[in-house]
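Across the two complexes that follow, subunit A remains constant while its partner is subunit B and subsequently subunit C.
And then the complex of A and B:
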């Protein structure tokens, strides 16, 4: 058990370093820099800025400085004294190049909780509802209910997030003013964004569940269960559904990582100070450190949630769990 | 199936337990910080880069700097006159080289300490220090010794004091600041009124740097550490959400500050901002209204437009033949149907302009517009250059660069269509991401590149200066020694009439040479509660939040939905020449 955990951890560290190295190289290969603006800077001032953020160093040296755990001194190789340690491996993600009054760690600490709250809320309604609707559709396959649900889920998948968000605003904030249009200061402010964020997830889960359950209903073990004389409800909910959830769980690993880290569109429309904005804007602003910071968080989150999804899958289907032990 | 009872139990319940877990965690971290609505809420655009006034790069930063800090002098609401601010008076020597500012005895920093001349000296020194990396340091080059200090090495201790002693910015008394210039400048006080010339409390900053050598940069601009001398203090700062400001009790003129609290929202999506305004959550928003919305907004009384000192223009890469020929560049300019762009695409009252200096600032007569005549004139120029008539050469295809935005694409398409129609010139539209676009413009890797310039002082020089040889804002490869000489002479000219003449002559050179193709002059577009008073309507849209107040003393209760609408004011009027 401990060995497995250690193996996972080593895998995580290696993936993180590789992801960071590739992202770092890509970011620096793109034209334009963090201090380019419509209004040009005097060359001496530009040089001062570049020096302050080590942008005048060769890229490999900048990367070593960024990764750490040792600071590179201005002339020598290693820093001294209190400044000896720095970089990601010393848990220092550096200052943001766009938000000059903040460190990357501050920005993540301020924005991730907002995204987590909203994401958790979105998952909390969308996953159960999706499973419920998917199972219902499978149980009533071929009826009007199935057709209706199919139309609904297809609409949910094809509609982009900003359309769902704008439509929900139009209906529930303007036509029928139940909720505030934007902002982040009460539970009421969260309802529409959580709806807009969770809707695509709910519909996707519903479709996955429906096809899984339908498939299982044809299988021998379900026929056996029916033969035992179990009721239709029990057959579907207790037997067919459980293994039908495997693809849902596999989907939820990466999907919840995406939902928990926020979405630019939803955050922009509802004016939320979440982390999703940083994923896009840090790249646009050439805010190298912040872009790498959010990449790091996302990598770790995907890794952990995938591990969690594996664990869940082994609970749902012992054959999946058995694979690890053998 | 030899699973134990607990395992079975787990399997069945695992999904729901996991979901419940996620939900509980979600609700547990619900720790919503409540903030009562501020007296006045406005949409400030993108999150400010920094609260450091010496780094106040854009409009959002400058508005906040105005609220938190006070310069030696300030601009009157009309934007033209200079009024006393942190300095209650000032005197100039007869040769106009030396300025003496008398500070106010009753002025206090937000920590209660008096605002002293030494604070201003330390603050200007910090601005010029290469280690501060202030993007505005070069603006003080006119001060004796300033350029040498800012371009010199970053020094410390006695050597730094030694170097600073050569810069003529000096606290000549506890409340008297003296500055000496290399040459007289008529706009020096206007420069000092810019928000980036505001003082910071260097003593507390230095203390913080000592106590927290690695963290001071992110601690300094927090409410608990930031010491300010302006009408407002920082109460709360939420990244990408809002800045909460409150009336400063230590400000010398606090009795005349209209708003008890102000929220500046960090929001750059016009749609969301409009939603907040329509539901009474915001009281003022400005900025670029998407042209599609303009006709709808024109129905509203509270949608106001005024001339704004900004020019939308296209840069021509003058290093690429055949565009190094001024006649061809002039032909490009003449064949742009600006009126159609303003009337059909933009529609908010933007004014066609043939000059980089917008709104006839130099008092030149309005240009007669006859597109048909212009095209004929362009044909003449083309013929002269050998690109029209018998055995004409063919103009090579042009690439028009613009940064990703609907409006820029529409304008580029319109311009390309005009050129195709009149000169059979083929254009390729190249849409670039913002930083890529800036990079290719900087490296002169373009044929035509969309551009704009917004003045930070109400002065034609501010526009013309960008085109001098070697300016980091020239970016066309164009250079004309005669033009440079006129600009340099205008910089030093004290007589306003002579100065205007020099600038007009420079503008004539620029118009004849056409390294840039001006398209239209900007308008401000504000949506604002009619009950707001003290809002400045100057040409550079320079607001001083100190003067904002509600007509009845308190914010009128929230109106939802559309505020009374009537016929809109039609075209905006041109301003009086400053």
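And then the complex of A and C:
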């Protein structure tokens, strides 16, 4: 158990380093910089800004400064305290280059909770519903219910998020004003965005579950279960569904990381202060530090949720992990 | 009294390329307390027959005619709800591959418990006790501890025993054992057969043993139904079949049984097979005979008797008419006596029963002639 945890941790550190290095290199390879504007700055001001944020250094040196707890500036490795780059290893993600007076940490602290709440709510309804509908579709395969669910799930997969979000706004906020149009203050504000965010996940889970259950219904152990005299319900929900959940769990690792970090589209449409917006905007604005900070959070989250999915899978499937073969 | 009777069971699958007749008049009777072996090549419809009896046919299978009578009640007319009370409680099945027949994500105890709880309510502690004792009964040591094990933690032989225990839990009247010894190693086979025999006697069940192995038949069954291309071609007691097979396919099966079966056969037959005077290379002891030709696929079933293209006893009639499975009053040479006896209980679907029986008896003094006959038959085709 401890060994496994250590192995996971080592994997996390390695992937974070790789992801950061690649993103750092890519960000700096893209033409343009954080202070480019339509109206060009005075060259001297630009040079001053570059100096303040060490943009005049070679990229490798900037990277080390970004990572390390050391100060590579002219004031020695401890610095004078005036330099605002502490390094990721000191849990300092630096100042945002575009949001004046904000550190990356401040921005994340303000926006991530919103995204997390929304994402958690989206997952909370979409995963159970997806599993339920998928199993129902498999149990009634070939009937009108299956056909209806297939139409629904296909629609959910092919419709882009902004269409679902706009349609739900149109119906449930304007035509039939059940929920507020936008904003972020109460649970009622979360309903529509959570619906729009969770819908693709629910449909995908439903499809995964349906095909898994159908596949399992052909297997020998399901025949054994029927041969004992078990009813159809027990055969499907207890025997066929159980092993069909394994691919669903595997999918949920990365999928929930994506949902928890927010979606630009949903946040734009509902005017939510979530983190999804920063993903896109920071890259477009060449806000190097914010883009890297967001990427870092996403990497860690993907990693942890994958580990969690593995753990859950090993609970579901005794053949994986922990238990020893006798 | 007949416990289970299958009468003229016909089954087909409708596929895109037209109907596939997979069972074409399967018939046999199983008396209380006896073991009947259903023998035939793979693809002959043995397992499908077993699944029909359990009401577990795959989707797409269509039962055309026939009856499956369990104590006089036709199972084929049962509703889904009625089936549920029959499965497990009156008919239970031991599956071929215990590895895939057990759910990989449920413990042995959970899976055993279902076999009881599907039919009656009992307290968890009683269920557990019953499951543990069932495991003990099939010869699993430390049964209490094994209840919490997952299937993958058990050996192949143990898994097969778990499947047997599961079938026994609801105390069925008929146990259907579908190739119970194919997936376990040779040393385990004898043990599994002994166990089945022991349990059959203890609970006075009837056993339908599906197998392709004549060694298993000789060891475990009192009666035999020989199945070829989805059709019962011969019904006999084991002793009768091994003495004087009446269907050419049975002759071929007996001839092609490996040495282990041949030994069992020899012990069934009083006469010891001796080699013919002319020793041909094909008669070297190590060489195994196999019936020339291939079993026909359901898509291209020969007209008339399905076996006639491979049959050395073929006459003109065989390719036009299909022989009924019936009690021909044939005089068969008895093994015990030198004279002829009339066999009335025998049933075989062959026009040339008497010639077959005579050849089979003659072949006890050497298979050579029979084999030559067979090779001569196949020569123009190959």
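In this text, the second predicted complex is superposed on the first by the 311 of 326 C-alpha atoms of A that agree within 3 Å, B and C clash if a C-alpha of one lies under 4 Å from a C-alpha of the other, contacts with A are read in each partner's own complex, and residues count from 1 in each chain.
Rule of thumb we're sticking to: a contact is a pair of C-beta atoms (placed from the backbone, for glycine too) under 8 Å apart; a residue touches a chain by one contact, two chains touch by 3 or more.
Since we're looking at a predicted model, the values are computed, not measured.
Contacts of A:243 after superposition: subunit C is touched, whereas subunit B is not reached. Look at A:37: by the touch rule set out above, it reaches subunit B but stays clear of subunit C. When the two complexes are superposed, the chain touching more residues of subunit A, out of subunit B and subunit C, is B.
In the overlay built on the shared chain, the residue A:124 is in contact with subunit B alone; subunit C does not reach it. Contact with subunit B, but none with subunit C, is seen for A:116 once the two complexes are overlaid on the shared chain. When both complexes are overlaid on chain A, the residue A:219 reaches subunit C alone and has no touch with subunit B.
When the two structures are aligned on the shared chain, A:231 is found in touch with subunit C, with no touch to subunit B.
In the superposition on chain A, A:318 makes contact with both subunit B and subunit C.
In the superposition on chain A, the residues of subunit A contacted by subunit B and by subunit C overlap at 242, 316, 318. Taken in their complex, subunit A has these residues touching subunit C: 219-221, 223-232, 234, 239, 242-243, 316-319, 323, 325-326. Here subunit C touches subunit A in the complex through residues 54, 56, 80, 84-89, 92-93, 95, 97, 100-106, 111, 114-115, 118-119, 149-150, 152-154, 163, 166, 170, going by the rule given at the top. The touching residues of subunit A, counted against subunit B in their complex, run 30-33, 36-45, 48-49, 52, 82-83, 95, 98-103, 106-107, 110-111, 113, 116-117, 119-121, 123-124, 127-128, 169, 173-174, 177, 180-187, 242, 245, 249, 256, 268-271, 273, 277, 284-286, 308, 312, 315-316, 318. The touching residues of subunit B, when paired with subunit A in their complex, are 1, 3, 10-12, 14-15, 18-19, 22-23, 25-27, 29-35, 47, 49-52, 55, 57, 130-131, 133-135, 137-138, 150-151, 213-215, 217-218, 220-222, 238-241, 265, 267, 269, 271-272, 275-276, 278-279, 281, 433-436, 438-440, 442, 451-452, 471-473, 475, 560-561.
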